[in-house]
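Should a chain be cited, it is by its letter among A, B, C, D, E and F, assigned in written order, with residues numbered from 1 in that chain.
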Amino acid sequence: MDSGHGAPVTTGLYVGRFQPFHLGHLEATKFILSRVDDLVIVVGSAHDSHTLENPFTAGERITMIRLGLKEGKIDPNRLTVLPLPDAEFHKVWVAHLLSQTPAFDEVFTNEPLTGRLLKEAGMRVERIPMFNRTSYTATEVRRRMLTGKNWQELLPRSVSAYVKQIKGDERIREIAQTDKAG
Amino acid sequence: MDSGHGAPVTTGLYVGRFQPFHLGHLEATKFILSRVDDLVIVVGSAHDSHTLENPFTAGERITMIRLGLKEGKIDPNRLTVLPLPDAEFHKVWVAHLLSQTPAFDEVFTNEPLTGRLLKEAGMRVERIPMFNRTSYTATEVRRRMLTGKNWQELLPRSVSAYVKQIKGDERIREIAQTDKAG
Amino acid sequence: MDSGHGAPVTTGLYVGRFQPFHLGHLEATKFILSRVDDLVIVVGSAHDSHTLENPFTAGERITMIRLGLKEGKIDPNRLTVLPLPDAEFHKVWVAHLLSQTPAFDEVFTNEPLTGRLLKEAGMRVERIPMFNRTSYTATEVRRRMLTGKNWQELLPRSVSAYVKQIKGDERIREIAQTDKAG
Amino acid sequence: MDSGHGAPVTTGLYVGRFQPFHLGHLEATKFILSRVDDLVIVVGSAHDSHTLENPFTAGERITMIRLGLKEGKIDPNRLTVLPLPDAEFHKVWVAHLLSQTPAFDEVFTNEPLTGRLLKEAGMRVERIPMFNRTSYTATEVRRRMLTGKNWQELLPRSVSAYVKQIKGDERIREIAQTDKAG
Amino acid sequence: MDSGHGAPVTTGLYVGRFQPFHLGHLEATKFILSRVDDLVIVVGSAHDSHTLENPFTAGERITMIRLGLKEGKIDPNRLTVLPLPDAEFHKVWVAHLLSQTPAFDEVFTNEPLTGRLLKEAGMRVERIPMFNRTSYTATEVRRRMLTGKNWQELLPRSVSAYVKQIKGDERIREIAQTDKAG
Amino acid sequence: MDSGHGAPVTTGLYVGRFQPFHLGHLEATKFILSRVDDLVIVVGSAHDSHTLENPFTAGERITMIRLGLKEGKIDPNRLTVLPLPDAEFHKVWVAHLLSQTPAFDEVFTNEPLTGRLLKEAGMRVERIPMFNRTSYTATEVRRRMLTGKNWQELLPRSVSAYVKQIKGDERIREIAQTDKAG
């Protein structure tokens, strides 16, 4: 594609689960947009929800991403956000991804298996620098939700408000109960 | 629905895996039948079998339930027993349940995720009181089968005889062997 | 199993889709119960619904069967009614059936593929005599629903009332509309 | 949600397959945007492609929609475009849809089964007026591609150019060949 | 790979359903082996069986192929025969094929969709010349089985004997009966 | 089947995952071939790959088996090598296996669940003697690949060379990295 100024438009792909979308994801998005013209954000494990690892539905995560990017004043013309269910088997995941997304030039991911599968299929893969690594991980956010610590400070303000509205932290604590009837 | 005596018939739903059906399940059934007119018993994870968590097939579990309820002198006119395979994803499980069962008014379950999903879908959910909690769990029954302890005392007599007949305790011990060839 | 009178109890299996349950199905059930002690009725294609061939959900069909058998004064102690989703492939269907049903001695079906698969697996298969063949088919019932003819006379009275209550005939006519937006 | 001006924001949902996205779809989008504040466009049958009914992948269809809406000068801030694979069974499709989309208030569709399922689940469903009905259907576009007629005039100019670029018309003609080796 | 004589070994891939394996398939195999060193024969739609289009299981078809190739005096060192289930969606079929087969250099097929998908993935695809086209198609063989005509003359003698042994022609006729109970 | 010398031909089935094919597998194959005339080797979990337990695709494993058996001078006329995807549920696995393989007389396996399922289906199952048990397990080979120890000495020379060529050891180490972006 042509940007209209002579140089070709480059499109990046950013793959994540966004459980939930936090300030580190927002920084990563800004970093990638400093490297490419357009960006396709892929919400992985899209069918999964209501587990400790994947508490939020794809619809909820897309809502979070849209709120967070708006708060971060990212131009919506440069972005596409898409859900992607897991493929049944690793070796067909790349073909599955290609069938569900607009064309792209390079992929940004830090997940080793995702990177390996894309490289074996001949794709160009780049790592994303870590921003305040210790706190800005979704694992840390979910850990704080579970233990009643301050998780709100790790999220964009509008995303934090949305999670409260849908009682997302309550959901995680309820799922974590293991008092099964047997 | 109308009972024919002016008062509407209420139908309860009882969801469990029944691996295997034990005396606590029988007590729970009696408790629920003291609260509703009719009862639909749903045998969850119906396609699963031959694992340590789910050793028995749905067909075997339905046979156990029918034997146990007959021994408990429960009126068969008030009962429907149905197998339900797991849904591929949590968020569609309630829709899946509704498509496979007769209409019901309230659900009885102690499993937190099941309860959460039903409540998010607007259903009325009630907990079941625990009867002799320490021993009357399927986990304890399977543990005793595995270690050769007295599991028979935890089951209705006819169910215990059926498990012996299909060599259910031997199956669990055989599955538990981890001497894989590599 | 033993009937308690010295003679072994025989169990029959009756496989059908029951879209919907009509008077011919009731006659067939009575015929089979004259041949065996207990009967397992399997509601096939259980996950399917809202198509012209399979308009009703498994839950709705089980409700119809229970109403029809009660109206026909069939003893509920002799019956088990179970939904069975289609297997992904024909050749594993029998194993799938066996995993979801209590043990049985012989199968009653007039469907050629079902009969073939059961016979290839070594099962005993018997055909069901046709009762007033021309009218008593589910295909005829659905045809009349679609064209506004008298379908009620082909169903047990209580089943007919239930189909009206859930607006089943309206559903079929609505699904049949092919005015797609393109 | 609140628009910030006191009135609540209303969100519409537009479900289609967009095989391919044509001028009628563009008119429909403008019509819906005259009725709601925000719009979620759902690309149905997302996993399907390379058939006569569904020749284009979800990624290709999303690219078409983005091109067409840009050409139609639709504000991207008001839109979300999402792929949705078919559910395995009709009766869980609505739950599946709800899990993959942001919250919405009403649905716009002319497809009878889609409408029926949404209404049975308690959703508000509205029909879309037809714009130049005879020609503006995807069926007509695919028919013209197959027979070498002028299909370009039925598509937004940029969508037409994209289909040519990916040789979409050639693909349809090649799939239609039925000279199988046997 | 190196043949040990300086020239690289070339491997061909031959995709078919082989319902059943007939003399035309044997001729095609000989033709391909005149063009490549090694050959991988892929038995497609491997999970399907007991339908009019796919009457035989993959295991039965592999048995036929082994018998036919032995009768045709093909060197088993040059051959690999593998079953391949259909992929759920066309666009991932090539990735699925690549994950299940040894590496190959070119594909031989006359099926348009198979050819299209392989070419879109950058594979080299060649057509197979037709040998006595009118009779040597699996469609014709199945038609003769169904109508009681001489199908044996179209198959290698040992394959014909095997089909008789497993009563394959009887199976097709039985499946074709459409006298459903309704 | 008849061997042509009066005695019937016996066929054995050898089920494994072969992750990767090592010298113990070669010894086991020779042992089984001393007991039966023909052998079907089934490559289980065929769709799985790129995990720590199942690093190699079915195509790669079939290539290894062919190389190893050739190096071991096993007569290819006596062998069939087939991939088998896992069945969705344990209780249909045997039916699934039977649909994908040529007929066989007895099964050789040391995996307890596989053996249990086959025995419940009435099959004859035999254990395989262990050859230099401590080292000759696929678990040990993968452990050495992961930790950079000498894994090559546990594989047939040609298989070892193939694994190096496809950078199989590098793949395992890359998959094992757990530095996820969160």
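Simple rule for what comes next: contacts are C-beta pairs under 8 Å (C-beta built on N, C-alpha and C of every residue); 3 or more make two chains touch, one makes a residue touch a chain.
Note that the structure is a prediction, hence the values are computed from the model and not measured.
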Checklist entry - What chains do chain B and chain F have as common neighbours? => result A, C
Checklist outcome for this item: Max Cα-centre separation from chain D goes to chain F
Next on the checklist: Tell me which has more C-beta contacts between its two chains, E-F or D-E.
Outcome noted: E-F
Item to check | Angle of rotation relating chain D to chain F [CA atoms, steps of 5 degrees] | outcome: 180
Checklist entry - At the interface of chain A with chain E, does the proportion of residue numbers present on both copies reach over half, so same, or stay under half, so different? => result same
Item to check | Listed chain pair A-D, A-E or A-B that repeats interface B-F [over half of contact pairs the same by residue number] | outcome: A-B
Next on the checklist: Counting only Cα atoms for the centres, state how far chain C is from chain D in Å.
Outcome noted: 38
Checklist entry - Which integer distance in Å separates the CA centroid of chain C from that of chain F? => result 44
Checklist outcome for this item: Shared-interface residues of chain F (touching two or more other chains) are 47, 49, 57, 88-89, 91, 98-99
Checklist entry - If each chain is a dot and touching chains are joined, what shape do you get: line, ring, star, complete or other? => result other
Item to check | Chains grouped in pairs wherever the two touch, ordered by label | outcome: A-B, A-D, A-E, A-F, B-C, B-D, B-F, C-D, C-E, C-F, D-E, E-F
Checklist outcome for this item: Residue positions on chain C within touch of chain F in the complex are 87-89, 91-92, 94-96, 98-99
Item to check | chain E - residues contacting chain F, complex | outcome: 46-47, 49, 57-59, 62-63, 66, 76-77, 80-83, 85, 98-103
Checklist outcome for this item: In the complex, chain E touches chain D at residues 16, 24, 88-91, 109-113, 115-117, 128, 130, 136-140
Item to check | Residues of chain B touching chain F in the complex | outcome: 47-51, 57, 171, 174-175, 177-182
